[in-house]
Amino acid sequence: MVLPSVLAYSDLVAAGFFAASGALAAAEKRLDILGFVFFGTLTGIGGGTLRDLLLDLPVFWISDTRYLWVCMALSALTWYLAPMLSARRRLLLWVDAMGLSLFCVLGCAKALQNGAPEVVAVVMGVMSSSFGGLLRDTLLGRPSVMMGREIYVTAALVGAAVYTLLISLAPISASVAMVLAMLAAFTLRAGAIARHWCLPSYRRLGTDPLDE
Amino acid sequence: MVLPSVLAYSDLVAAGFFAASGALAAAEKRLDILGFVFFGTLTGIGGGTLRDLLLDLPVFWISDTRYLWVCMALSALTWYLAPMLSARRRLLLWVDAMGLSLFCVLGCAKALQNGAPEVVAVVMGVMSSSFGGLLRDTLLGRPSVMMGREIYVTAALVGAAVYTLLISLAPISASVAMVLAMLAAFTLRAGAIARHWCLPSYRRLGTDPLDE
Amino acid sequence: MVLPSVLAYSDLVAAGFFAASGALAAAEKRLDILGFVFFGTLTGIGGGTLRDLLLDLPVFWISDTRYLWVCMALSALTWYLAPMLSARRRLLLWVDAMGLSLFCVLGCAKALQNGAPEVVAVVMGVMSSSFGGLLRDTLLGRPSVMMGREIYVTAALVGAAVYTLLISLAPISASVAMVLAMLAAFTLRAGAIARHWCLPSYRRLGTDPLDE
């Protein structure tokens, strides 16, 4: 009984994590407080907005203004707290990881609820969870977290795929499936941040005079 | 009687200003005339397109082709006129400022007309007025006007907030509220361009070995 | 009889070409296999997704999952084949050119079918065919194919305009018009890649102390 009501807030929590990551990225660029709020909010609502547009649903933060307030509050809070924090770059990676783990499952679940085929739901989970961070890094002109060697897309894919599999195959409730899938995604991404877990990256074989 | 009919064209005028700013940015990259028209049109219609998609309204330039013609004509005109102008960088900032001041109020007003809550309308005004410039600078790979020290988001926020406040509190017509709000936004941004008005930017306190 | 059924697959083929171009761009950044699939799929479906959102149609890859499978399969295949290929940069330009030539006509045709005015349909053809490549280059932080001196937007414009003209003026079937327009676009872009065809690029006259 407790789990579903906790999960009802997970969307809000995920938006808040991403908003904090956007505000921390704004700190790197030495923006003013409204720059923090702008990029924090954009990062917090970006992925879910894409998801809702693609699924042709009403955009979530237009009907429910709590999302905007949470994103704006957390971005402004980051403005005040950031100077007191050390290791802001690593903190950015960790809040981004938490947002990613929640959103990849939530995006996938929302797509399934609206009748999308499994493969579409998994793609929606991956895209909606990574889009906020892509926007943040691209618009702020910083190296994207997705370009690193460490696992990123894979974690989102695993979260979405685990949820889809558990829902269709296992005799467990949606809430339990959700928590397990979020944990799977977070574990992978945490290993990537803390221990540099990665998949083999592309290497070319032989010589290629026209490449580079 | 005159004011409302002038304001009926303000959307078109704002799109034209942004189109000119996009074409001036294309000039920096030495594109051909169709590059001017492409990026000019994209900048001119980008913000309003985002607004309409988010509000689930028909995209404005699909039902009313005047927007495309104005954007394409002004971009092409910029191609011919730009070599005769001096100080194109500053001109870009000024036409961008005029587009910003008009669009932040118009985006906010359109959101309010469609029943959005106040906070959503203000966010919509800020996002729709800054999105065209963000697209222009990001896609052309130039330093974003939003990354400067000077006030930018703040001006859009003030324009949208002033309009929302006047509409709900003051006993004046929507047209007068619109003009006052546009002037407020423009004054702030003009001060930012001409006199480098800015808010305090983020500075870190203490040392942070993992930052940078 | 044969032509329409071949053309029924052209959308799928175009998505596949763009997916391959996205995966080849991921190779430049040495991403892992899921990075290839992510950026390949994004590039493959990006332009058509924008088109469908703007026209307020259901997003094509949500109702028909073949698009996702084709994009993911071609991206994964590129991961295995790329090390064996020479001249990957040029190959990227060629598959991008094929995607562009097909999508500029298909995007324009879909807009016309849904009742858009001619000028909107042409703009839709240009935007939907170039958006995938813009996303690919912007998100991966590589120099955009649109920033080169060679003809790019022009080829898309010619493809869309030729199709629109033939459909309204010439006594030929839509399929024949489509093939002719695709050939026109491809010929122009092929000349740009192979023989550096270009329009005059912008040059400033006189001196401009505030420029640069």
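As written, the chains take the letters A, B and C, and residue 1 is the first residue of each chain.
Convention: a residue touches a chain if its C-beta (ideal position, glycine included) is under 8 Å from a C-beta of that chain, and two chains touch if they have at least 3 such contacts.
Computed from a predicted model, the values in this text were never measured in an experiment.
J.: What are the mutual neighbours of chain B and chain C in this structure?
T.: A
J.: In terms of residue numbering, is the interface formed by chain A and chain B classified as same (over half shared) or different (under half shared)?
T.: Different, since most residue numbers here occur in only one copy.
J.: As a multiple of 5 degrees, what angle does the CA superposition of chain A onto its copy chain C give?
T.: Fitting chain A to chain C on C-alpha positions yields an angle of 120 degrees.
J.: Measure off the straight-line distance from the CA centroid of chain A to the CA centroid of chain B, and report it in whole Å.
T.: Whole-Å distance between the two chain centres: 28.
J.: Check each residue of chain B and list the ones that touch at least two other chains.
T.: Touching at least two other chains: 53, 138.
J.: What part of chain B is in contact with chain A in the complex they form?
T.: 53-56, 116-117, 119-120, 123, 126-127, 130, 134, 138, 143-144, 146-147, 149, 151, 153-154, 157, 198-206, 208-211
J.: Mind pulling up the chain B residues that touch chain C in the complex?
T.: Touching chain C from chain B are residues 26-27, 29-38, 41-42, 49, 53, 58-59, 61-62, 65, 68-69, 79, 82-84, 86-90, 138-141.
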